[in-house]
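First chain A sits with chain B, and in the next complex the same chain sits with chain C.
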Partner chain A sequence: MVKRKRAQRILIIIFIILFSLFFLLPFIPLTVWSFTKQWPWPLLLPEKWSIDSWKYLLSASGRAGEGIVNSLIVAALTLMGNLLLGIPAARTLAQYEFRGKMIVFSILLAPLFIPYTVSIMGMFDFAIRFDFINDYISVAIAHLLVTLPYFVATIWFQFRLIGRKLQEAAISLGANEWKIFIWIEWPLLLPSILLGSFLVIVISFSQYLPTWIMSGGTLLTIPLIMFPFASSGNSSIVAAYSLVFFVPILVLMIMYYLLLRINSRKHFMDRR
Partner chain B sequence: MKKLTIIILLFLLILSGCSSNTNNTSKQAGENSLKSDWKEITAKAKGSKVNIFMWGGDEGINRYIDEWVAPRLKEQYNIELKRYPMDAVEFINKLKTEKRANKKAGEMDVIWVNGENFKTAKNEKLLLGPFTSKLPNFKQYVDTESDDINYDFGFPTEGYEAPWGKVQFVFAYDSNKITNPPKSIDELKDWVKKNPGKFTYPAPPDFTGSAFIRHVLHEKSKDYNAYLNKFDEELVKGEADQVWNFLNEMEPFLWRKGKSYPQSLSQLEQLYKNGEVWMTMGYDEANASNLIKTGEYPASTKTFVLDMGTLSNTHFLAIPYNAPNPDGALVLINFLLSPAAQMKKMELEYWGENMSISVGRLSEQDKHIVESTDRGPATLSQEKLSSHRIPEIGGEYVQWLERGWMENVANK
Partner chain C sequence: MRLEKISIQINNDNIINSLDLKINSGEIFVLMGPSGSGKTTLLKGIAGLLPFASGKQTWENGTGTTGLVFQEPRLFPHLTVVENIAFGLRVRGISVKERKAMALNFLKNLQLESLENRYPHQLSGGQQQRVSLGRALILNPDLLLLDEPFASLDTSLRLDLIEWLYELQRNLGFSILWVTHYIDEALSVADRIGIILNGGLQQIGIPSELFQKPASEKIAQFLSLPNRFSRGQWRKWFQYELNGLQTQDRGWIDPKHLQLIDEGNRSGEGNIEEAACIISGFVTKVRPSREGYSITVLADSKSLEVNTTGWKRVPKLKEKIRIRVPFEHIHWYSE
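Presenting the complex of A and B:
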């Protein structure tokens, strides 16, 4: 038995190592590329190294700081919109039966299935008509359209898992809807809200077209700053920007796990 | 639930409160500034903000604008300059959409255009109007009579755009491998036959490959100048066969026996960097020097032009019809045409590109600076370049030749 357990553990460790390599490997060429201008195919490592790309990135022209700040502001606004619209929508869809529910649900999830460009084309006219709205907000609205399906789907699933039993018990004890949400549903939902928020932020970060269309190319988020270099084949600069792009995502991921842990510990204590 | 409703209402309130100060007077402002004199224009531009929209794929060019131009514009005219990276095709499309929606106040003050994009913009009335005669530096330093200022790929500019710089087509080669580079298209063919597999060109419609086949047309044609006039299909039909014959004769001796061509200039450059081919080319006379500096090309790289000349073109700055700050745009363009800005642009540190103003009109002191500017080890001298310059032909001919190449050379 002991032997078998050890073998199992070794297998798990090997699996974890392979799994993390799968995620880490792409970062190695990115890092190498960001430190060289030329890396022809047969060579294992470049012959000449340079820090020019990083120097450019950190110079006034590079605008890495501006890009990150803009990306963060838009992502935060998008997340706010998702929380305000997504949670009530998911709740209604999970808990109530009404006519045409499936239609509403499929319309909400439509952006996932309809080709991306179709929904974006419609934004062109919208963008010009609502030109008076602040760029951050109009871009966030576009991102909201793109991210909402992911968020609603995540939350909806959790609402289904929670069911209606606890809420019915609370109603019989005289609690109103708002109290039910705050004291029963919100704590149980938290893990899925965290996951949904993480998805929303990461998806919002990587948007190029919606940002471009809604701001007319003037709100410089990281993808907008990076794109001209990608289209002119400047691998070194693109690699450097990509690495910068991962910094906030990494921070978010760490935050996600910390919050999740705090949340589950709190529950554990409560139960004791 | 009531609270939630209040929060949503608040959110909507913020949303609608964020309406910015849209002024519908932008178009009028533009017409006004075209009527005012230079003193009024600079006075009105003071303390304003100018947005320049330009291709953003080169660090050197971006740094020239952000690190050299912007601080000086702020210091001398108190104008804040902001650069937005965008491809020309994209901002022309943006302008088209804005025009269709009748948007009077846009975002772009200055755009960087030439060729087909300028033609579209001017034909569809996306530009403010003729403005070059307003600019003191244009009147003083630009050779207003020359064809490469008055025509942009065969299309008359009529003052709707101001020349920012000039580039010339050159061939680059490794002087360790080639001692006597060819002097004409025919000599090039002989060289290719003697050195099979060491030459190729990007497949048109790639910009560079397309320019390469125009050099063949230039040397094979009886009267190249006829191509500068209006499009005449009979003319090009009659002479194109010689071009296709020439290219087909050369094809078996190209890289990979001509069975495949590089799809872009960057692929050709990659072949040259790896030493697979010994020659490359490009529409930028200082490119080789730039790439030697960054260590991408071997230091033994040199460039050459053909005895009968190589193509050159001019690129321009224009003002959109709905520019929010036309006065600032005029001041910026005038500044970019100043001898100081043009000479700085020529230095390899930032860009390394040729001036659009003419050397002959500079002061003795500036002339001296231009002559002593180090444009890099592989860049040819100013006299050599300017005495071997041929103009670009109209866009219809260019497209006709690109299609013809596909039919007669690639798919033969």
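Presenting the complex of A and C:
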């Protein structure tokens, strides 16, 4: 029995190490590349090291700070759009029956199934017609189209789990729709909303074409800054930008787990 | 509370049809009916969860409030016991301090002292249902609506909670409209019982009245009244014209009033008074009961249920048997 438990423990540790390596391994060559200009095959490590890429990235012409700020503003606007549109849409689709429900659901999820090029052409037309709209907002609208299906699907599932029974109980105690949402549904939805928000921000961070089309290439988010270097084959600078790009995502991931933990402690802590 | 000509529709289907009902102050009115008869729909309508298609709801004092307790507790999983109980008070805008004090005070009535900080998943089924009842009762409703609140609990817990709620109601004096499909539950608490079939109240009466004089064969069937036969069949067994109203063309008799006559000892037969008959038949089923045995006898292709108390020997299957039926214990009703 003791031997079996020990073997199980070793297996779990091996699994955790392999799983961690799966995520960490790509960062090793990325870090190495950011400190060298040449790393030819089959050398294990580069012969010459350099911090030029980091110098450029941190210089005024590197515009990394501007890229991160712009990416964050667009992601925040996109998230706001998702919260405002996605939550009521998911609630209606999950808890109410009406004619044409499947059609509405399909339209909401359409960006997942429609070929990317078709959406981009539509966006291009939109960008020309609504050229007067502020770049941040127009780019956020484009990102909203791309991210809304993921957000709705995540929240919809949680609304399905909650069902209408708690709503009925709250109505019988005199609560109106707003109080039901704020006091009952929001706390129960919070883990899903955190997950959906995380997905929205990560997807918004990595959008290149919608950002470029909607802003005409003037709103520099991190993918827009990185793209010219990637297409010219400058692996060192691309690696440095990628690492910087990952920092906000890492911060968000830590925030997500912290908030999730606070929420579960607050509401479901075993006090026995 | 009074309901006048109430109709409720769901997806254009009439679930409740022109229903009239009056619940008196401090009364326990038990509503019984088969599945799909509209019991839950009616409760939801009274509680304001479903709109009335027509009719009106009025209160003796002008306005009134209801509290609804569902079959499952439906507690808010992220709130503690005390927060769940205080939810309705929070909705009414009562301050945190005040509502917490009120909820903590109410825990005594619910026999949930020292559980105030637990979450619903940390409570047993009975405790959860008590919290659910407390959540509705703390608002002092004029009428408490119970939708089979103890149906999902085991028998002993169910009986304990019925007793507890009955005592609480008698102490606090609120009215209850109690939906149940358990006859024992209805009989143990009801001041009056109403039978709902196909969205309409078919009969209202005190429990004994309902069992002694069911308004129709459908109601007798729903109440599972045993030994129900037509007047013609009873006449055939009694072999003379039966007294009573001719419109009451069916009669039932409680199994405990039927007596088995021991073939080995025919002395009992000599005592048969005029208003009784003897039916011969074969035993088709024997089940033990608390008092003795519950025996099914086939006579003239009809099944009769007989309950024995202190029967000396266990009847055997296919055994020929004779049953004494006293006329005075037959309850007559209309088809």
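Just so we're on the same page, the second predicted complex is superposed on the first by the 268 of 272 C-alpha atoms of A that agree within 3 Å, B and C clash if a C-alpha of one lies under 4 Å from a C-alpha of the other, contacts with A are read in each partner's own complex, and residues count from 1 in each chain.
As a convention for this text, a residue touches a chain if its C-beta (ideal position, glycine included) is under 8 Å from a C-beta of that chain, and two chains touch if they have at least 3 such contacts.
Predicted model, so just to flag it, every value in this text is computed and none were measured.
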item: Superposed partners chain B and chain C on chain A - clash or fit; value: fit
item: First (chain B), second (chain C), both or neither touched by A:179; value: second
item: Which superposed partner A:169 touches (first chain B, second chain C, both, neither); value: second
item: C-alpha centroid angle, chain C to chain B via chain A, nearest 10°; value: 160
item: Chain B versus chain C as contact partner of A:234, first or second or both or neither; value: first
item: Partner, of chain C and chain B, that touches more residues belonging to chain A; value: B
item: Touched partner set for A:188, first chain B, second chain C, both or neither; value: second
item: Partner chain(s) touched by A:134 [first = chain B, second = chain C, both, neither]; value: first
item: Chain B versus chain C - smallest C-alpha distance in the overlay, whole Å; value: 16
item: Footprint overlap on chain A, where chain B in one structure and chain C in the other make contact; value: none
item: Residues of chain A defined as touching chain B within the complex; value: 37-38, 40-41, 48, 50, 52, 56, 59-61, 80, 84, 88, 124-125, 128-129, 131-134, 137, 177-178, 216-218, 220, 224-225, 227-229, 231-234, 237
item: Chain C contact footprint on chain A (complex, rising order); value: 165-166, 168-175, 179, 183-184, 187-188, 267-268, 270-272
item: Chain A-touching residues of chain B, taken from the complex the two chains share; value: 1-4, 7-8, 11, 15, 18-20, 22, 51, 53, 55-59, 62-63, 65-67, 84-87, 90-91, 94, 97-98, 101, 103, 107, 264, 266, 270, 273-274, 294-296
item: Touching residues (chain side chain C, partner chain A) in the complex; value: 44, 47-49, 66-68, 70, 72, 74-78, 87-88, 90-92, 117-119, 121-122, 135-136, 139
